[in-house]
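Structures follow.
Both complexes below contain chain A, partnered by chain B and then by chain C.
Our next item is the complex of A and B:
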């Protein structure tokens, strides 16, 4: 009895210690890989087996951002690739919103025969579940025939497919979450369907739609597999430059990796409150 | 593409004949849905089925199982490797995420608060960046080996070689484990405290609370998380390609890229693709049916 009481008293301390040790381990596993590219991006000389670099500086950063043009570093200006990725992503967001908002609205609010609705929903779920790489390979063969291979248009179309799948789901579930009574009330006092949509449903759906747009944007910025088959070697988006630097120049590749993360970090704050857990995991690159 | 369109028109007509009032709404639905459905059918469904068809067409253009013979001849080791790494990584990620999910559900205090925010970080990083992180972190001269040598856990002259299934699994779990936590912890939080209290009052210990209350009540979310993560591992290309590309054994996705880039051999690449479809098929079908049901409600 007495022993048990002592044991009970000690328990919280032991528990706290274990929790603390596990927490430090968790922090290490979580941050060490991130820290690894941060430090490599500023390492100029790092002789093995020193634990830290001998010389630190922003040479590779300046080179990648086009400020300096040093031929010995083996790093080139990646701003063109960055802006290409940005431009493609913006176009993809615009097109996929124009296409997915009406589709999501129809799937959620309009009467569609049950079987047909099921078929359409399955259509938009397949790309989520099945590996996409073989599909992109055959898309490449299709684009070969029509001359879209290696063009920016081809890459935009690939990113559009990837983004649209998620956009339709997110917009559909966003519209689902808005009670139909609101729009019905607007229509009962004489508003047309279009006006009721613009004045009632659309403003209520705005947060979900913005989340969807952000999601499509990130998806496009990070897209790898489709661009690898359809875009290379002519369309080099930022992930493609990262891929080609990765094998040869660890500093340069680390700089590109961080550049690629900047939009991600900015949008992470916007998106995480707005979006259902299901969809966030789709950011795979 | 035209099949669906026709279906919809037929349905429109039927609805129109019946009531006369429904017709404009159906026509509107058709117009609103058409662009999205057309894009997916043209740019996804068509190439999806083309990959099955292409797997039966040999390089000489003949129909048959020649491509599959090449796969079973040369690539079975890689098929098993892909499956093994996927199962192993999914298993580790599942155990890790359930434990972390339980911790986040049952604990309180600033440590729990900190963990509940920090664990989300990897979810927002794309695989291509994770690949670069792991390349520099797990390399023979990487930070992990340097630190392990500092604390004398390894000999620096003989560093851990991690550009293989170990590094692959580590990266997979690092990236998708947190996503699983996100899915699973949501389900845990839906479980009312009274269930846990009731279990405690009849003498259940922590292990019993986890296995008899928390996991069974959250089965659906856990299964969906396992499915999504398993499928994403099988289909992941960028990370394996950048970490172990060119080594053997490789993943199916690496083999497909090699087959295309070095041999222009689309038949075998497609046959390999079909193997990856088969690998995810059971879980993928479960997911599609499950999700579809969810959206009807």
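Our next item is the complex of A and C:
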């Protein structure tokens, strides 16, 4: 009996240790890449076989942020590219919301034959259904004819082509998840279509619509292939500078990578606060 | 005075005629039930009244206004949904004040009306709660209060009690009746539950396949069904089909079945040769005991117990009678077993004869 009792007492300890190990392992997999980039961004000299950089400094950061202008480091001021990416992303989100919210509402609520609904959704999906390089190459050739190559407008359009896919699907499914009786109840009690939408449907759809906006924003910030084809040589977004730097200058590339990550991390925090579980759970009530 | 007049309502969905030429009137302060099996058109009719469907043909008049093509928000109705449809992102106060704010009432009046409505549904003090914090029965009462608080001309209820468990449903039925009588509400009530319709209605419309089969008071429908469908729908009924072979005085008819059973029943206006169905309500069958039946020994038949279901105070029997199966309830004090041979008596005056459709 003694042996069995001892084994029972040890069991939770063993279990907890295994859990802890797995948890740390999971955290490592999740954060190690970022950690690695962090180290690279402050490494002035780091040669093999050292596990840590020999010399650390913020030189590359200062170069990237335009504070210093040292030509030997090979790092340039990326702030213009950063703000361009940001500006494009914001415009893309605004246009995308203006299109996808009404589209999603219409596809979800209005009495359209199912075949037509399916066709419209597939139409939005098509750009992503093909290999991206041929699609963007084609786009570049088309834009050439109308003079949109190398313009910010052209890049915005490319980002929209990619972003609207997700935006429309997300907004449609968001509106689908709201029971039609909720709007009908509002109308039966005297609310016009518009008022019912503003006071009932929109607040309940908000989490999903915000998710759609964030998705489109991040997608636009990170978009590379299409921007590369259409943006060159005049429009330089942050991902493009990252591409240029990644071949030769790892420290510089790491700085840019972190700059790119900042918006995502900020948005993750915002979403966590906004998408309260009660909102989502309350809909089924 | 009739508050609601429906004339020749028609609505088609693709190949299905969901509402087929429906006409009826509802007087002020009355409850009219639309009763029928799934797909009979009752919900579509209600949605036409509410304005969520526009009929293909026909007219709807509310308080003498033609509302047939009006959008829902202009009709002045109050609606209670099967799923209650309370807005989860608003408190009880928010749900109830929504309609009142649209009508531009001042805050004092809104507060008063909400207080009164909550008092009527016995949920005073619940203003700050959210729908997810309420039980099913409470949500149902708030949904009711929300429709009442705007003081509509007519209330439309779409199976409002279907989502509740059996006991709560029965309780809420009586609460609804009390409410309706106290406030003099005019209501159209859609349900598939015949017991519910019988309890709450002043009049019932039986619908099937989009058509009105019968309109009447609960008593009329139960005692004088127009045909087998109504007879069988409004209560548990067994049927025996046959042909009128003889007509005696006092409107007593003799019905002969294919397997040569002779059943006597009472119904005026029939002729020999008419094909009829005899509706036998579950509580009219009697187990014959010696000397307990009519002296002329009519309507006594030999049967065999097929099934016996114990329900506590009664036992539900299924009896094989010739080629027919008759259901009956009997006190559980008497206990027949499967296979027992029994003699049953069908009192002629309590059998309902319905002519078969031509």
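Following the convention adopted for this analysis, the second predicted complex is superposed on the first by the 233 of 285 C-alpha atoms of A that agree within 3 Å, B and C clash if a C-alpha of one lies under 4 Å from a C-alpha of the other, contacts with A are read in each partner's own complex, and residues count from 1 in each chain.
In the analysis below, contacts are C-beta pairs under 8 Å (C-beta built on N, C-alpha and C of every residue); 3 or more make two chains touch, one makes a residue touch a chain.
Please read all numbers here as calculations on a predicted model, not as lab measurements.
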First, second, both or neither for A:231, with chain B first and chain C second: neither
Contacts of A:163 with chain B and chain C, given as first, second, both or neither: neither
Contacts of A:208 with chain B and chain C, given as first, second, both or neither: neither
Residues of chain A touched, compared between chain B and chain C (which is higher): B
Which superposed partner A:128 touches (first chain B, second chain C, both, neither): first
Chain B versus chain C as contact partner of A:263, first or second or both or neither: neither
Chain B versus chain C as contact partner of A:154, first or second or both or neither: neither
On chain A, the residue positions that both chain B and chain C contact, one per complex: 193, 278, 281, 283, 285
Residues on chain A engaged by chain C in the complex (per definition of touch): 179, 181-182, 184-193, 195, 199-200, 203-204, 278-279, 281-283, 285
Touching residues on chain A, where the partner in the complex is chain B: 19-20, 23, 26-27, 29-30, 32-37, 39-40, 48-51, 98-100, 102-103, 105-107, 110-113, 116, 118-139, 141-142, 157-158, 160-161, 164-165, 168, 172-173, 176, 193, 218, 222, 224-225, 228-229, 239, 242-243, 246-247, 250, 253-254, 256-257, 260-261, 264-265, 267-268, 271-272, 277-278, 280-281, 283-285
Chain A contact footprint on chain B (complex, rising order): 4, 7-8, 11, 15, 22, 25-26, 28-29, 31-33, 35-37, 39-41, 43-48, 50-51, 54, 107, 111, 114-115, 118-137, 141-144, 146-147, 149-150, 156, 174, 176, 179, 182-183, 186, 224, 227-229, 231-232, 234-238, 241-242, 253, 256-257, 260, 266, 269-270, 272-274, 276-277, 280, 283-285, 287-288, 291-292, 295
Chain C residues touching chain A - in the complex, by the definition given at the top: 50-52, 71-73, 77-79, 81, 83, 85-89, 98-99, 102-103, 130-132, 139, 146-147, 150, 156
